[in-house]
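Quick heads-up: structures coming right below.
One chain, chain A, appears in both complexes that follow, with chain B as partner in the first and chain C in the second.
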Partner chain A sequence: MDFKFLVDTFFVALSGVPTALIITIISLLIALPLGFLLALTRINQIPVLQRFAQVYVSFIRGTPVIVQIFIVYSSVPLFLTSIFEKYHIDKNVYDINPIWYAFIVFSINTTAIMIEIFRSAISTVSKGQLEAAYSVGLTNVQALRRIIIPQVLVTALPNICTATVNLIKATSLGYAMSLQEITLRAKVAANVGYNYVEAYIDIFLVYLILCSLVEYLFKRYEKRLSKYKIAHA
Partner chain B sequence: MLEIKNIHKSFGQNEILKGVDLQIDKGDVVVILGPSGSGKTTLLRCINFLEKADEGYANFGDINVHLKTASKKQIHVIRQKTAFVFQNYNLFNNKTALENVTEGLIIGRKVPKAEAAEIGKKALDKVGLSEKYDAYPSQLSGGQQQRVGIARAVALNPDIILFDEPTSALDPELVGEVLTVMKNIAKEGTTMLVVTHEISFARDVANRVVFMDGGMIVEEGPPNEIFSNPKEERTKQFLKRVLPEDYIYYI
Partner chain C sequence: MEKYFNASYIWESFPMLLPYVKVTFLVAGLSVLFGTLLGFILAAMKIGNNKVARKIANAYITALRCTPSIVLLFLVYYGLPALAENFGLLLDNVDKLFFIVITFSLQFAAAMAEVIRSAYQSIDKGQFEAAVSVGLSNFQAYRRIVFPQALVVALPNFGNSLLELIKEGSLAYTIGLIDVMGKASLIIDGRFNAHALETYIALSVIYWVISIVIEQVFFKLEKIFSKGKQVIKTT
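Here is the complex of A and B:
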């Protein structure tokens, strides 16, 4: 065991954290509102959209993330090339930073998960509260924003936390499209002297620390949001 | 003040309301009685647009609304004039008792916050919850929750309050406190339309009792007339089942 390498590579792996976090944050920013809206279409049985959401969820949940990465990473450049040629844009698709593909794959993926999380969370808030909101003169949007969403969020938060941690871990698959994230950086460092065991331990530790931190933050946020549930505690 | 004409409502093949007419004057306390499934609750919900009626008109003093084709604006106006007390309270669980009462004032009616808080506190005092302004619904008993529900309706100062079986979900020993609150606000001259199974409330507080069955109004009149001298056979059968045995003699 090469301890110096172990320590050095730990920091190499650590330098991939911003990449993993940016992908996680962008994906969540897209998936949370989109997932919520699509969950609403399912609950309110809006004709075409609810069917779309249903098929979408089945497709994404029924296929491995790595395959989704391969599909996006190989098909989007082809699509872009034809567009660039058509409109005479002088740009090489292979210069595009793979992080953009990661945004696409992980947003698509996380949205599907959020639809299911919100669908179950929304159904825990009684329809009666929505009716009460209408009866005191709130509009649809006001009722959602002030009454329904704050409660849905509390119920959904543990599941959103799990999804976020899974998402952070899934960004390690980004190495398949040579994304400069935690796993790839440590692996590349290990290639030189074949110190794979040390590198894997480092990767392991970095994800563990990162995910524990995220879990801790979610727990604190959940506590703050659920202050109205005091009596049940 | 409120006139309802020819309300029809079906759920799929099931016709719940088959042409109901009802007139309510200012200060009236009207109690609707009837077996379950007779359309009492649906009637109330149609008036507040929680269900969309298939046919019928509501005439609120100066405005006349076709219930089926009412615009969003008309619905908003009618909801401003009415308030609803629900069977399952339907309090906003993420809001304190006071916030539950002021939510409609501040957001729905654009009353300034300080003024709304004052109105809200007064309404909660009226239902005997001066100690519970900052309590969340999860910290209140069923009876207390329903009293917040009533305060929420009273605070809006509506032309009429619609009560949908306000005591049906309560433990028997909590029914009394809610009925007392309802009696008090009735005494103040609040116009009320109440669906309930509490015969004593109908007898003591109502000035008109409406008996519904099968989606139609079978009989209506002052309580002592309906209870001691019902004309329709269907009303007699129903009262025989819900009234205490010796009630007729007791009158």
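Here is the complex of A and C:
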């Protein structure tokens, strides 16, 4: 065991944390509202969209993330090349920063998971809440924003926390798109002297700290939100 | 676009990939077996009264939940031989499958510990007490009263964990296991990286079908096992 390497590489791995976090945050920012809207289409049974959401969720949850990454990573350049050729845009698709592919993959993936989370969370809020909100004169948007969403968030939060942790873990697969995140940085550092054991211990520690921190923050937020919780009679 | 994408490659990939579904299931089956055993031990540690055991189980579950499968896989693949070397064991010639099964058993155990614990705790204590009071032995009470009820509660979560396991198992290709995923990358290498998309589409369809079938099986199982379920009104 090379302890100097262990300590040095820890900071190399740590330098990949911003990349992992940016991908996580952007994906969540896209997935949370989109997942909520698509969950609403399933609750309200809007014909075409509902079916689409169902197949979409089933496919994303039924296939490994790594396969989804490979599909996006090999299909998007094809589309772009044909578009660039058609409109004579002089740009090489291979110059695109892989982080854009990561945004696409992880947003698509997380949206599907959010649909499921919100669907089950919305169904826990009783219909009377919405009816009561209408009866006191709130509009559709007001009722959603002031009555339904706060309650939905309380029930959905533990699942959103799990989804976020899973998302952070999934960014480790960014190596397949040669994305400079935690895993790849430490692995490259290890390639020089074959110190793989030390490198993977570092990666393990970084993810452990990162995910524990995220879980802790969610727990605290959960406590703050719990004032919206309905006491069950 | 047409010169890059050719749908006939999707059809061509299926017969090449399907025989390797066996390997995927082998990895999943062995991991479920060992993972569930370890999961039972962890759940027992969590439920039991020993404070140290509970701390260890909790720490284990948290650590495993926070580790990406790929990191754990490489940690086991590189770390275990290095660790064994200290004890004079050489693991250089051990089959890759060994490391893969260990990795996913460790991971599955963490998930199962939570599944088993929540299922066990969902059963009212009165059930066990009532069973003992009518003269059943402890073992009989667990086997005939608590276990069948806990099984129904655990089944959907077990199904979800199994699906996760099969999906995460695809990462075994990174250390050179030839399962469906590994075969797909071999096919792509064989085509000199052309038509990768078609191969991955075929691969995703295989995984999708496996997931849907497992989902349906567990849905049916849940119905069968909850046949005798009587809901106890607590309020």
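For the reader, a short list of remarks on this structure follows.
Quick note on the criterion: the second predicted complex is superposed on the first by the 227 of 233 C-alpha atoms of A that agree within 3 Å, B and C clash if a C-alpha of one lies under 4 Å from a C-alpha of the other, contacts with A are read in each partner's own complex, and residues count from 1 in each chain.
Following the convention adopted for this analysis, a residue touches a chain if its C-beta (ideal position, glycine included) is under 8 Å from a C-beta of that chain, and two chains touch if they have at least 3 such contacts.
The model shown is predicted, which means the values in this text are computed figures rather than measured ones.
Legend: residue contacts after superposition of the two complexes on their common chain; A:S82 is shown touching chain C, with no touch to chain B.
Contacts of A:Y221 after superposition on the shared chain: neither chain B nor chain C is touched. Contact with neither chain B nor chain C is seen for A:F52 once the two complexes are overlaid on the shared chain.
Greater residue coverage of chain A by touch, when chain B is weighed against chain C, goes to C. Applying the stated contact rule after C-alpha superposition, one finds that A:P64 touches chain C and leaves chain B untouched. Shared-chain residue A:P150: touches chain B; no touch with chain C. Of the two partner chains placed by superposition, only chain C is touched by A:C211; chain B is not. Shared contact residues on chain A (touching chain B in one structure, chain C in the other): none found. The touching residues of chain A, counted against chain B in their complex, run 125-126, 128-129, 131-138, 142, 146-147, 150-151, 154, 228-232. Within the complex formed with chain C, the chain A residues making contact are 58-59, 61-68, 70-71, 74-75, 78-79, 81-82, 165, 169-170, 172-173, 175, 183, 196-197, 200-201, 203-204, 207-208, 210-212, 215. The touching residues of chain C, when paired with chain A in their complex, are 1, 4-5, 62-63, 65-72, 74-75, 78-79, 82, 163, 167-168, 170-171, 181, 196-197, 200-201, 203-204, 207-208, 210-212.
Contacts from chain B toward chain A in the complex involve residues 48-50, 76, 79-80, 82-84, 86, 88, 90-96, 103-104, 107-109, 136-139, 152, 156.
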